[in-house]
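I have placed the structure first, in the form of structure tokens, so that the comments after it can refer back to it.
Letters A, B, C and D mark the chains in the order given here, with residues in each chain numbered from 1 onward.
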Amino acid sequence: MIKIGIVGGTGYTGVELLRLLAMHPQAKLQVITSRADAGTKVQQMFPSLRKHVDLAFSHPDTAHLEDCEVVFFATPNGIAMQQARELLQAGVKVIDLAADFRLQDVASWEKWYGMSHACPELLAEAVYGLPEVNREKIKAARLVANPGCYPTAVQLGFIPLLKAGLIDSDNLIADVKSGVSGAGRKAEIHTLLAEASDNFKAYGVAGHRHLPEVVQGLSLVQGTQVGLTFVPHLTPMIRGIHATLYGRLQRETDLQTLYEQHYAGEHFVDVLPAGSHPETRSVRGANCCRIAVHRPQGGNTVVVLSVIDNLVKGAAGQAVQYMNIMFGLPETAGLNIVPLLP
Amino acid sequence: MIKIGIVGGTGYTGVELLRLLAMHPQAKLQVITSRADAGTKVQQMFPSLRKHVDLAFSHPDTAHLEDCEVVFFATPNGIAMQQARELLQAGVKVIDLAADFRLQDVASWEKWYGMSHACPELLAEAVYGLPEVNREKIKAARLVANPGCYPTAVQLGFIPLLKAGLIDSDNLIADVKSGVSGAGRKAEIHTLLAEASDNFKAYGVAGHRHLPEVVQGLSLVQGTQVGLTFVPHLTPMIRGIHATLYGRLQRETDLQTLYEQHYAGEHFVDVLPAGSHPETRSVRGANCCRIAVHRPQGGNTVVVLSVIDNLVKGAAGQAVQYMNIMFGLPETAGLNIVPLLP
Amino acid sequence: MIKIGIVGGTGYTGVELLRLLAMHPQAKLQVITSRADAGTKVQQMFPSLRKHVDLAFSHPDTAHLEDCEVVFFATPNGIAMQQARELLQAGVKVIDLAADFRLQDVASWEKWYGMSHACPELLAEAVYGLPEVNREKIKAARLVANPGCYPTAVQLGFIPLLKAGLIDSDNLIADVKSGVSGAGRKAEIHTLLAEASDNFKAYGVAGHRHLPEVVQGLSLVQGTQVGLTFVPHLTPMIRGIHATLYGRLQRETDLQTLYEQHYAGEHFVDVLPAGSHPETRSVRGANCCRIAVHRPQGGNTVVVLSVIDNLVKGAAGQAVQYMNIMFGLPETAGLNIVPLLP
Amino acid sequence: MIKIGIVGGTGYTGVELLRLLAMHPQAKLQVITSRADAGTKVQQMFPSLRKHVDLAFSHPDTAHLEDCEVVFFATPNGIAMQQARELLQAGVKVIDLAADFRLQDVASWEKWYGMSHACPELLAEAVYGLPEVNREKIKAARLVANPGCYPTAVQLGFIPLLKAGLIDSDNLIADVKSGVSGAGRKAEIHTLLAEASDNFKAYGVAGHRHLPEVVQGLSLVQGTQVGLTFVPHLTPMIRGIHATLYGRLQRETDLQTLYEQHYAGEHFVDVLPAGSHPETRSVRGANCCRIAVHRPQGGNTVVVLSVIDNLVKGAAGQAVQYMNIMFGLPETAGLNIVPLLP
């Protein structure tokens, strides 16, 4: 059993991590910290966890995170970078579900996240945790940065095209739609049911923090800097991301075969049959990205549809996937969950 | 491994049964029938089951259900009663998720369901499958009738009061609210998103099929015929039933202790701390009934709040629970699922 | 044209009031105040009002509310009572959409609202604004208190029964369900879409502020103190209240005729044909209460279904209805709105 | 008062037309036909229309549509073309809310709609009813074809760019999202609340009927044949369309000024301030298209956001707008509706 600590855990990625770890055969949740809720039983905050999680939140100052083998940060941006160094020195592996270690470029990180980085030297060491790209590096990693939810869906969708050098990489378009849980469990007006329900809108068209992250990832795959227009939208549902990706084809190929072969060995990426339209609910609660590739009217624009559950393959599930890889467990341990439908 | 057959399986209780059986350690799904969809792969109809269910639907005429150890009927009312006799004679156990064997009284059944009963002699044998009441009978049963979703929530909520003889049983009130999946996966106008969303209404106030079933169950517990006003409502959500139950107290007692003691040994009934308000999402996807008991302003009206997931504890999950009991497995086998929240 | 001021106006009752007044033929919105948003154009906060409302929010200290003929308070509880006295002295009529003047009993008000009342002497003068009960008093009123949303639906539903002395008034039950806008436009976690959507729960079963208000109103109609069990629920929709009311019949009558006759002259109360189930969406955006009365299985429990739009007949629409009455306009002026369906 | 007939009227565009006409100062609804529901009162089917519409549905064979001045067809595709010729000969103007007269090219129409066209000679006469483009033609028209809902949002969004010759018109992209009412009031499984709620998906990526219509309209504006990739999505809300449009800039300009000037005189197109993100709810129930134009990171991709209520500016409202134009009324008559928010 792997001894596990969680920092944070009162937000949506946190409660999802608790759900997944409670069903994981090798996970022993040892400590969970929360400054604001120290002393409160986890199940009191989340009655869905009654009979599954018996722990109470500990105060960060008295929790012995250094006794864990791995610590997950399910915290707002800027927390993990304060504590990672010390934990790593104590021999604890660290998985950050927030953004602290996602960008390699410190200046870019500081510009998009609006704060100084507390441990830039760890950025170089941190492994960007997309197992379908970085599985080998994750095996050896001490510190893994969870990709953002949008970046997971977008990168998995675009990568086969870029790897094959098929499209005009200067003019990629990602039109992405997210359920409201992506905004977190925070008291805000614009995500109230009475505001966000029966409504649809774009946001952050001028610039969204996930843009540099996607550009970084796709540029690494492509070998040159890609150009990307990234337009996020808020859609009135709880979970789910749907990325609709557009690229200009530069030469002919069998797109369906390309995608099927690229992801042939991947358990958590599912290429649907030609002509399919993946639904976000088809991955609800599961660590899975479903993809379909289209070429409407046989034109030169390729359209890729990519869906994930933002809290699972886009956050907590992918984080457990690294844990499995980092500790030599079967990659699917605890993650063989059937999506909840309807 | 238990060899399992499913008749039906293209509706919501069917796909939920498939989800639960796919995660059950002792279940081997051997055959699933559908007249309309014979030959179609299950995962083609429900992409959420890709990599989890590889079977195709068989035509009922050529499927060898008699080779199964247990057959679930996830069919409309009136189907199971046509086929149950033959299967039982072949030594196959039968679990009906529809209403064919729920009422003991043939005349009442025929009145409420508007058809002649095809095997009234089996009504006497059929066990009504509420394990918290009939566990011993289920152990020995060949034929189990799944309670309706509303009846499950209402009976589990009222039973401790009636068992204790605490309330005026002539004037019970059950104000019940259901998500739209309770209406089934049927092409109908009134359950379209554009009709049922952002809307709330009562229906069937003059009389609902679950009324005689609840009255039957509560009267058995009470020992005399109870009087019940039963008002169902449609609420704009996918899953979940919330029963708000009202009874007039006839003598004093510690209601919280009564409920906690009554359900002390039950794994799938969870009595919440005093003052709680169970949410339907706290049982989403899980085989669990959460209950809270209130006595507002210390008056003589007791208010019980009881929630279930209509497709799990109200249908497929409870059905798997009988299977576990009937085959001597741990009652929780395959059912130790953490609810999906948010 | 009536010169109108609004205090508050950044919440849901406020924006609804702005919508209704913008379509009112006799209304001239002269000033709207907001301490936090002074200087901001109303339409910047609510783009739905572009081309309809050109005003900016004024700072309360510099707004000349005393130049208005009527001032609406669409503020949190406790604001109107601070300013009402001065406005009344300046000859301005006051309509409070919050709770400051709803309860006649100061001690009760202070207990339920947790603050001292700033002008108890005005409580005696304030008219409780349910036109179907208090039309004559409203005509002459300087200060009108808008009923709560639940109290409007519950009182309009119960009143014909109580007026006729038909039911056991010691044991009334109101099982009420509200859309999320009833909680206001406030940054809170429990009303986030990701929390409240696909979910149903009761709340405040131990005691809700609308309980004493309903008891006050019904007791006045009945002539003696009534007993009421009041259980509110949160339902995942934006607008709408559905009250399901239960009473024990004490003698026979034709309930349908009773209701139709009671509300025969009322433009904004619509008694549906026998056997109907009113939907909340059938009044969406409209100043209307639709009611159906049932007697299930001919028993002695009467079930009344009563629906309103909580922001219109339950708040801003009813407030405009008083204004019409107070200023001698046709009661339907500006309120003859067709509900928005679907 | 204009004497009006409606053919159809039991679907969503029909009930919306009834709502708008009931509030129109110059409209006299004289007859409404429905084969299936002849004899039924309209308000029995749609209780939201009680006190507003007193008519019953007439049988098409006995209704005297020829006594009307204008007849609206709110029918499935293929009905209006059967009856238009006769009505026009009787001097009745015809407005078709379906697709029968949207495409100028008969062969294309027959390919996309899968039936023979019953009156191809009228296609030449029919005016495509986008007033912002065809106002003068509509004034003189006897027969107007209502644009589809998607085509309205997409064309209004792209037209200023194309008119100004600013973008690469061979590679336009329209990523469009629709609420579920766009699928009509039809008993179908995929639009059930339990299927479409908490879910997001693309559909018809291989080819959607609105594609040739948009291409026809934009090509007329551009003067040459445009190339368009058109990807529709279903989003879990009742009303609303959000079009996200992408084009490659070919030369510099001030986009904000371009849009503001282009639509300066239009009452029903609202160009939002720079940096805005229009929400679909900001036009709920109103005959309005709100548009924002962006150029993310100053790159060469222009992003246009365009929202409408699919049932109003995308259907019934726009149809009333033509009626106003055709009969010399103020274009805003009956259409000065404030959107319903929240």
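Side notes on the structure shown:
The rule is short, and it goes like this: contacts are C-beta pairs under 8 Å (C-beta built on N, C-alpha and C of every residue); 3 or more make two chains touch, one makes a residue touch a chain.
This one's a predicted model, so the numbers in the text were calculated from it and none came from an experiment.
Shared contact partners of chain C and chain D, listed by label: A, B.
Of all chains, the one whose mean C-alpha position sits at the greatest distance from that of chain A is C.
Our note on geometry: chain B versus chain D, Cα centroid distance of 45 Å, whole angstroms.
Averaging Cα coordinates per chain places chain B and chain C 39 Å apart. Chain A and chain B have Cα centroids lying 36 Å from one another. Among the residues of chain D, those in touch with two or more other chains are 12, 179, 181, 185, 194-195, 197-198, 236-239, 278-279, 281, 284, 342. Interface of chain C with chain B (complex): residues 171, 173, 175, 177, 179, 194-195, 197-203, 205-207, 227, 229-231, 233, 235-240, 242, 244, 246, 248, 275, 277-281, 284, 294, 296-297, 299, 301, 303, 305, 307, 342.
Considering their complex, residues 12, 179-181, 183, 185-189, 191-198, 236-238 of chain C touch chain A.
Considering their complex, residues 12, 15, 19, 22-23, 46-52, 181, 185, 197-198, 238-239, 267, 270, 272, 276, 278-279, 281-286, 290, 336-342 of chain C touch chain D.
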